[in-house]
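Just so it is clear, A, B, C and D label the chains in written order, and each chain counts residues from 1 on its own.
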Amino acid sequence: MTLQPAPRDHRQAVRVGMLGYGFMGKAHSNALKTAPYMFWPDTAQVELRTISGRTEASVREAATRYGWSHFTTDWRDIVDDPEIDVFNNVGPDAVHYEPTLAAINAGKHVVCEKPLSPDLTEAVELERAATEAGVKHMTCFNYRFVPAVRLAHDMIAAGELGEIFSANFRYAQEWRTDPTADLPTWTGALSVIGCHAVDQARYLVGEIDHVSAVITNPVTSAERAEPVDTVTALAEFDTGAAGTIAATLIAPGRKNMLGWEINGSKGSLTWDLEQLNLLRVHRRGTKLEGFSDVIVCEADHPLVAPWWPSGHILGWEHGHINMWAHFLQAVVSDGKVGPEAATFTDGAKAARVAEAITRSASSGERTSIAGIG
Amino acid sequence: MTLQPAPRDHRQAVRVGMLGYGFMGKAHSNALKTAPYMFWPDTAQVELRTISGRTEASVREAATRYGWSHFTTDWRDIVDDPEIDVFNNVGPDAVHYEPTLAAINAGKHVVCEKPLSPDLTEAVELERAATEAGVKHMTCFNYRFVPAVRLAHDMIAAGELGEIFSANFRYAQEWRTDPTADLPTWTGALSVIGCHAVDQARYLVGEIDHVSAVITNPVTSAERAEPVDTVTALAEFDTGAAGTIAATLIAPGRKNMLGWEINGSKGSLTWDLEQLNLLRVHRRGTKLEGFSDVIVCEADHPLVAPWWPSGHILGWEHGHINMWAHFLQAVVSDGKVGPEAATFTDGAKAARVAEAITRSASSGERTSIAGIG
Amino acid sequence: MTLQPAPRDHRQAVRVGMLGYGFMGKAHSNALKTAPYMFWPDTAQVELRTISGRTEASVREAATRYGWSHFTTDWRDIVDDPEIDVFNNVGPDAVHYEPTLAAINAGKHVVCEKPLSPDLTEAVELERAATEAGVKHMTCFNYRFVPAVRLAHDMIAAGELGEIFSANFRYAQEWRTDPTADLPTWTGALSVIGCHAVDQARYLVGEIDHVSAVITNPVTSAERAEPVDTVTALAEFDTGAAGTIAATLIAPGRKNMLGWEINGSKGSLTWDLEQLNLLRVHRRGTKLEGFSDVIVCEADHPLVAPWWPSGHILGWEHGHINMWAHFLQAVVSDGKVGPEAATFTDGAKAARVAEAITRSASSGERTSIAGIG
Amino acid sequence: MTLQPAPRDHRQAVRVGMLGYGFMGKAHSNALKTAPYMFWPDTAQVELRTISGRTEASVREAATRYGWSHFTTDWRDIVDDPEIDVFNNVGPDAVHYEPTLAAINAGKHVVCEKPLSPDLTEAVELERAATEAGVKHMTCFNYRFVPAVRLAHDMIAAGELGEIFSANFRYAQEWRTDPTADLPTWTGALSVIGCHAVDQARYLVGEIDHVSAVITNPVTSAERAEPVDTVTALAEFDTGAAGTIAATLIAPGRKNMLGWEINGSKGSLTWDLEQLNLLRVHRRGTKLEGFSDVIVCEADHPLVAPWWPSGHILGWEHGHINMWAHFLQAVVSDGKVGPEAATFTDGAKAARVAEAITRSASSGERTSIAGIG
């Protein structure tokens, strides 16, 4: 008889408490459950200790569904629990600030969904607090962990595109096109999706120093308190590159198009979240070549080796899984979060750019990021 | 203090034993761990009871990694365990037959990776045994559970394409192009990938009654015992439609292209596994319209609702997860496996078509499926 | 014996004189030779009377090659010839103004390549002169005559996109990426290609009232007097729509990408000159539909009937041919040039937008078109 | 006064007579009028001497429209005219044989649209006659003259794809999907479009030695005498490569898709007539690269230099123009027609393959080309 009990997993267990149980709660629960075995033997075990949310029945069900050992309707139960290492805030934007700050003050490592806060002052305060407390901190700009985006970043960082001349970023969805649809309250296109475009711009090209922006509000309705805006901005990078950053949720046909094109002296790249495995690459040097379809699913590509063989494409959720693998590794090795992950510093910088875009749209003036926050 | 322990999951636990721990073992472990919470509250709990494999160190590690409670180097430990409900055979093709047959004879429900067996006689015997035993049985043609493929199936079944005129299926990879590469022994392009093309043809269009085939062996090398073949076949469907079925692992640039085009009197569809979320749809009726890019990631699309919002695309592994959700549901509801899933009957029928293709290529004659097996 | 001489063409002959014999001289000669038989029996005959250019040997050869009956090195020979109906100025930008003005003053109908003039004052003066003289006038924004662009225009004009929310236009080429290349002197990205993007914006969406722009000059070299610029602008339309207009000749991999995306309340369109026959169309109303590939080569599509059967695609030069068919028809029927063609009024309006972009880039301020010119 | 009359074109004038004035008459008239100035200073002048057709009013109008100096309803007027150098037969398939044979016997150079004849015996006889007479002869497989196809040919011929493993060719249109449409009589999918797929296979990959085929006739109607067939064939090449050749006019959504994929030991190519400027290229050697979009519109690409600058794409008709430039050059230089152009030998070989496909579909047997004709 060869049957034996499996040895237990001796890796360190990172104990997580989470605020939020909706779409993001599902994505994060999935990531926390999956990262430990996909990134084996590195990373860590995860203990899903406590999930928190406003509606007791819902949070209770989420706890059972995803395997959280406890649930609560009061996030302070997580902050106050000395057995919890990481506070993961994936609740609505409006509750990013207070609970996360409390968690920092309680000495927990903190993870927070984007935007770090829709309010610049709060975002800056969270960054300051996390940095001073010496805890590990991460803002969930999950698209940095899509292999095609990571490959693009690595190519640019290695100089394979040469000097960047222009860079255009756009996040377009159709989700709020219908003025009669019953949709949740929101904080505007910049907060909901535009901040991802801002972060991609910063991650791939570098710091933005000036913006000029227009925000229009073409869709309104009696049913909804808030108008639906479209954001269009010029971005000037400190390297001298120029480009655009745009966000809209009223682009019919665009299901989830976070797309960009980056042109440099040695080549160009394009990418689109709707086909997130595909990086389109052009390298100068021959008249023959155009853009090449690179399916970023080879073992030699970044972030792919833990997954499947060649051409077995990944989905949207893999960004979150890969991101958590990075954070867990940083926790158990006492290593650095970032620069591949966005920290609270990145979250605050994105908030500054967003604030500058809002101010420019309001004033009609070209606005310096240096003067913000 | 609102903190409470999470209620336990009261759903039935399906107890699984699995043979295999490689690529497929990883995909199935992941599916078994993920389906229960993604298809909440339906489906079942899963108890990962025992994993089996030849190499003790590897199977022990896999057990710990994926959370199987026991491991063994002898699959009979699974077959003999009265606490196991389902025997999941994801081992090499050559060990599909004997263990699966033993599991059937022990009264277990059985799941087997494709091909059901590379040997027709064995495949037919497995089908007969499973059917007679009254256990639930499934052959892992996972691509039936890609939402875009399911949508295509449902459209065709609903008559939206009208009468099918022609249908072409091809599975092309580049993986064995290099004659010097050190690759595992295999059983030919038909077994390894071609059977998926056969199953897609049967699932989407219907039964094949005649084939005419050519098999060439252009790549050989001193290093490898077996030649690398390419399979090209004409397929005649019993509805009168005609088309092709092809399989090759020496198509440079094709990372994982299982692709097809189906043309009917009312419209056409195309699909490619390398962009598996995308179904291209043409409906007759207007001169204006060409093919439309349908990203099959809307809540109203089949198999999508348990996952993410609009445009958040799925990856390759979701086929396996969706497939297991179906099988688990059948087990706990004592419902039917299929017709959306492939049963052992489908596995045996695919084996008959594969055998006919092989015989036709050998004889140079148009070969009837009716005379096979 | 049934052999008979062909009856002569009784249609009116429009007598043309042309300044320029390079790339554009070739495109226009071809258009003038082709339009009469492709747009049969409408339109007119064309008499290629005189071609003019600076270099005698070259212009002489061009005359023989394309079948112009006379040639000259002095464009005044055309202006002074009472036997010439139309003066077609396809010479370098710097010689658009004086000869065209002289032709207007001589009572000729005038056609001028874009930009009408790189100098705003000259463009405005040409428009005023042509309008006051009562001659027919056309600025060669040939892309208005690409069938896919025309179809887009007609759909938008018919309200099929509803209210336009956002519209982004970009003309990107790689042609000046190499700082060591020996290229002709130029007048900047806005003049050379950007004005096409401006015209597409005006033609498809409507008048622009404000712009905010950045112009960078990333490529310079000892070999060239002028820097190579990239132009990025925010555009605010008088309808309330917002968007971007960009132009660059240093985008590696972009051979000739004049591309745009327009989003409205009822649907969206995208187009790219590199695949000019293809209009991508999304119409709201069903969750199923994404963007559809419409190959604008059906007899029912605008501008296609004079050409080939379904799916026999057109090339770049067909824009010029179709444009000339329109102008010739206007001449012989004494009909209107435009609104489908761009007149000198459109040429002057494009010049105003270009000037506003230049001023905004210089001042760093949002600039009103109303204050220009 | 610098105005001077243009020097006359001193190039030799090739005098052409043409049978046919429909779609193909238009395409050939256009090609004959355009090639002389686009391929300047090489090639020749063309004298459009006589056009022939059955309906006097139509052929008379065509003569005036396109500039043929004479017209006739009796093609013998062309054959008998000693002032005519080339007989160009672009009439219906049924009148390819007799007039072309007569023209050969009269010592004329001959050009004939595809298929050389729908009847194998006639095709073979035309080839024999033309060869023996020593006249120049060309079958109009115009797609050999699409720059992307030529580039593919040249790459394969230069060994850039290595040994060819598999090659699949398909010509699909939707034109006869509607059983109630009033369409002209025809000679089947093989004659109308399939012969192009056969010629592409021979041109790009080499001679076919065996075929196995299925022909179905799914669409019939009271209105039409003939059924509408779909042709699907296995093709075995004499090099050992295998693949498929298919033709159908009942593929909804396919406007004009002549498409192929060729896989070799060193790389792969794909192409589709609906985007005829685009060659998709994969070269082995790096894990990073997938298929590259090569817009075959660069001066360094074959057949492009006479046309427009980078990225200014060509249309369908350019195949005919380029083809005629080749033939005219052969006439005036007394050079060879082919191998880049298809001769009558190629026309007869394509007819042999087509006949073998028809016989195989009828007999259900794998059929050798060697035994045909």
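Operating definition for what follows: a residue touches a chain if its C-beta (ideal position, glycine included) is under 8 Å from a C-beta of that chain, and two chains touch if they have at least 3 such contacts.
All figures in this text were calculated on a predicted structure; none of them were measured in a lab.
Identification of common neighbours of chain B and chain C yields A, D. Over half of the residue numbers at the chain A-chain D interface are used by both copies of the sequence.
Between the Cα centres of chain A and chain B there is a gap of 34 Å.
Separating the centre of chain A from that of chain D, both taken as means of CA atoms, is a distance of 54 Å. A straight line joining the Cα centres of chain B and chain D is 43 Å long.
Chain contacts: chain A has residues 174, 254-255, 289-291, 295, 298 touching two or more partner chains. Chain B meets chain C in the complex at residues 281, 287-295, 298-301. Listed in rising order, the residues of chain B touching chain A in the complex are 1-9, 23, 27, 29-30, 33-34, 37-38, 40-41, 50, 56, 60-61, 63-74, 77, 81, 173-175, 254-257, 273-276, 278, 295, 297-298, 308-318. Interface residues of chain B, counted against chain D in their complex, comprise 163, 165-166, 168, 170, 172, 174, 177, 212-214, 216, 218-219, 230, 232-234, 236, 240-244, 246, 248, 250-255, 263-268, 282-284, 289-291, 364-366.
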